[in-house]
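What follows is chain A paired twice: with chain B in the first complex and chain C in the second.
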Partner chain A sequence: MEFLNTERVSLLLGQKRWAFLLAIIAVAVPPLMGRYWIVLANEILVQSIFAMSASLLYGYMGRLSFGQGAYFGVGGYIVALLLTKTSVSFPFALVAGVAGATIYAAVTGYFCIRTTGIYFAILSSVGAEVVHYITFTNYSFLGGENGIPNIYPPAALSGALTYYYFSLGIAAGVLVVYWLIVNSVFGYSLRCIRDNPERATFIGIPVRRNMFIAFVISGAIAGLAGAIFVPFSRIVTPSMCGLFKSMEPVFMSVIGGGRVLFGPMFGATLWILMESIVLTYTEYWPIVIGSIVMVIVLFMPGGVLGLLQGKFVASRHKTPEATKPTK
Partner chain B sequence: MTFGDIIVNQVLSGLVIASNFFLAAAGLTLIFGIMGVLNNAHTCFYMIGAYLIWTFHQVLRPGPFIFWIGTILSLLVLAGIGWIIERLLMRKLYSRPFPEILLITFALLYILEDMVKITWGTLTRTIPVPMGFDRPINIMGYIFPVYNIFLICLAIFVGAATWLLVNKTKFGRMAIACQTNREIAGALGIPIPLVYTGIFVLGVVLAGLGGVAFAPIGYIRFGIDIDILLIAFSVLVIGGMGSFTGTILGAILCGEAYSLSLLIIPEMATVFIFILTGIILVIRPWGLLGTAGREH
Partner chain C sequence: MILETVGLNKTFGGITAVDKMDLIVNEGDVHAIIGPNGAGKSTFFNLVTKYLKPDAGKVIFNKEDITEMGPDRICKRGLVRSFQRASIYPMLTAYESVQMSLLSQEGKTLSFRLIKGLVKKETEEILESVGLTEQAGFLGASLSQGDKKRLELAITLGNRPKLLLLDEPTAGMSHEETKSIMELISSMSERHGLTVLFCEHDMSVVFGIAKRITVMHQGAIIADGKPEEVRKSTRVKKIYLGEE
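After this line comes the complex of A and B, so read on.
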């Protein structure tokens, strides 16, 4: 099999311990905790999926997307509409939500991938604000500023803990897919586009096509996050699709480390835990997180996990050549 | 009113909206054009300006000149804020890659917006139109508020003054030298830090001036910074990043598009601007008057 060469197997084994430990914690610990922590854990899972969608673009493709909130919102709104106004089954609503987000990602992606640098960031944020304005101003159908309340998951998933396990399954699936993507030939072509787009074109990588595919996959992942978040939060509002919502996954992956497999998950976990702790003391959470993001970007651009991994790798592979100063 | 009258009226109010967009975007394009820094927190200064003029209306003694005194004081406060932010933060960013600049200025937006919330709360405020400007005027048979005419003139004045400053003064020439080649400009003895501080403070004051000038006819409300930020971005990319003439053109296009779409689908006026942005960028990825290859 093409993607199971030795290098990638060793990559998997290197991270296997961590994945195993994480899985045990994620499965075994929540039942022992109170409802508050289960709700929080669920949010961590949703935001982890969301952060992975941003990491795929920023960490691996090197494009800063400020528009992930749009796909989150489109996925969330479609699920909300289907569950409140029609009687379709829950899985169908989820699939429809993801499909809607994917289509919207394809439309905005068509525009975005034709631009580079700052234009890409601006155009993607414009895509998010379009969704925000439509949901904000349409009262008759989308509930306007108040959003759509009273969205209930099916009875089998109505408990907080059962829904948590449902989210956990989906998050694990997304993580595996994410791992397969970033370690595939396609994932390496994205890294190549990030590091040197001209050379990527020269060696025959279809730059635009691959960027488009990555953009759409990222949109679908964000849409999935929105689709499973809405039945859990019971409400969807325009604030879930604006520019600020779009910044959250980017910041999470930057905090955790966008180029590390577990970076987005780690960043999302840190973010949600810090938020819940800070909010018990003060309502001015944006000041705190704004300062943290500034410090991380200025002093450890690889994120927390990126920094740790860099130290870890350096201590393991210290060879005489590497320690000698190069002339 | 005939259909033609409605169109003329809408085109005129489109010019007022264009002035608003231009004042919000002028500082942004100035800072980006000279320093290469896209400041996401820029329109926060617009919102701070609007709140400052409201505060000065509360603390100053009411009189015919309260708006003008308040304007000067607000701009002075904003210049101070801009100076502090430039010295403490922006100065560290000039040599960094642009994604980091975007992330850090976005974090700055988080912080500044929260500080506005702490200082002024989230209530919507209003201030009266300054005395002498609160009556309509008859131009060629069309009734139009005097203050709106003043706003259009203000935008034209600011545009002309900024253009003269950058292109015809020694300070402007130093700024252009820094933009063209920082190292050689430094070697020639141009005080680069001083020029950069000056440009940044100027940009902040321009954004604040937009907020102050449009406070009497708009809302002084929390969250306006994000709304206007996205429009300012659209203005910038339509005109071409860093091109000052392009910004004027972009502002007029966006203002008129906004105003005319108010006639057809009022809810979607802002969305219309964004769609226009997307279409123009696909046709010309570097904007109408931008230069190809300067996208980074």
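After this line comes the complex of A and C, so read on.
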């Protein structure tokens, strides 16, 4: 049976080609760039992973989480503590960071998935504020507002470029997993919940269970972003945990397009590049990005890529109303 | 008997919507519930499918007490409902919508296998049976009203129901669409031995296909039997059919 839908179109005609092109750029270009740009590129990768964690919930489950910073922060702090205060191996620290974030996501998710709409957003942000408060006030163990400095990756990854390739590998892995999830039966159960939770229940989808699992997966992805960011930035601070940090992945996926595979990555790239450019002219970056988000929410609710994809589909595909005679 | 309710009761702030209802639905029947607006038909439906929680009474499906079960578990047992207003997924294609019912019924909603190509044959069969083959690839939101109702039915059929509960299946449909949907429902019932319980306003629809009719008034059953028996009942005539 021949048929098309928005996601399939991009899968058949766009995604593979784009993925190939992006992969070439991501591998070949950084060695030609200066250190400043490599650092930025690494940040783009981390934020892409982070944005995907929010997009899974926002774009596919239809829930706006303002708590992703919590899992980013928990992942980051665990890695920081293990690498500065113990002698465990680097991979072990990363795994522990992700595990910690996953557990915290399970605890907060248990409560969050029992709410909808604005209450989901508020309750999820509480989880982030709790982490922010604890890291901000605890000086003896977590360094208070100064955070934990002097976090070093193993020698093999200490160069900016090598660490960039390490992040690239992780980001590519997350992208593949993300693609698998959103196109799997489980992913479609989330789309059913997003579109019509009541109906989803009445076709036998265990709505709460699947939402909970998606929430935990999302937390694990955010935790991974935090875990690989910290050894690169060499420091972890409370500002990586709170409500403001939690807004970043949400806005990135809103900008790029939460329902499009490359939406979060695109949004993260745009965000980081604009930030670095705007900051050279003015310190009022939040005003600039705020205006951009406002324009996108008002005029392209599907995000930049969502808009492009919509135009693309419309030009190739007629709606049934257009093809059927009206009664 | 496939479904039995015993003393099913529901009140909304002092108003009794369903008043100690005892109803038996026999296997293989096309059974209609009729009654004037506010008779409690929809509430009764909602109680049976656990959309609402009954205040008292029991629902027994296939000899099993399902009164305390959640809607998703009831659905897995084969008691599936449709909604009065087409309740579909705006951003899923018709094809994917049916696929998900089938996969959910198989208990696969936790599977991380790609959905593409799964349960292809069954999905195509169901879409064909409701006449949506050509619209398979359209997003739910872009379907016409009539097609949305068809999709609604297709989503319900995807759950492989033993007992199908249809809450006004033809509400908002044109006369021709009503006819074709009702023909579809009765042929489904004959072909698959499916039991159908539906409530409906349109009298011609009810007397056209129902093998048994239950008449409700103010939350209680006032008549129950074969169509000709119900038609003859003087009480029903007085209250509902508006005849003297």
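Going forward, the second predicted complex is superposed on the first by the 304 of 327 C-alpha atoms of A that agree within 3 Å, B and C clash if a C-alpha of one lies under 4 Å from a C-alpha of the other, contacts with A are read in each partner's own complex, and residues count from 1 in each chain.
In the analysis below, a contact is a pair of C-beta atoms (placed from the backbone, for glycine too) under 8 Å apart; a residue touches a chain by one contact, two chains touch by 3 or more.
In this text the structure is predicted, and so the values were computed from the model without any measurement.
Of the two partner chains placed by the overlay, only chain B lies in contact with A:125; chain C stays clear of it. Of the two partner chains, neither chain B nor chain C is touched by A:171.
Legend: residue contacts after superposition of the two complexes on their common chain; A:204 is shown touching chain C, with no touch to chain B. In the superposition on chain A, contact is made by A:287 with chain B only, not with chain C. Residue contacts after overlaying the shared chain place A:250 against chain B, while chain C stays out of touching range.
Within the superposed three-chain model, A:138 lies in touch with chain B and out of touch with chain C [touch as defined at top]. Listed in rising order, the residues of chain A touching chain B in the complex are 58, 62, 64, 66, 111, 114-119, 121-123, 125-127, 129-130, 133-134, 137-138, 242-244, 247, 250-251, 254, 284-287, 289-291, 293-294, 297-298, 301.
Interface residues of chain B, counted against chain A in their complex, comprise 38, 89, 92, 98-100, 102-104, 106-111, 113-115, 117-118, 226, 229-230, 233-234, 236-237, 241, 267-268, 270-271, 274-275, 277-278, 281-282, 285-286, 295-296. Residues 49, 51, 70-73, 75-76, 80-81, 83, 87-93, 95-96, 99-101, 103-105, 108-116, 118, 120, 124, 133, 135-140, 142-144, 147, 155, 158-159, 174 of chain C are the ones that touch chain A when the two sit in their complex.
Only residues 1-6, 180-181, 183-189, 191-192, 194-196, 198-199, 201-207, 209-210, 213, 259, 319-321, 324, 327 of chain A touch chain C when the two sit together in their complex.
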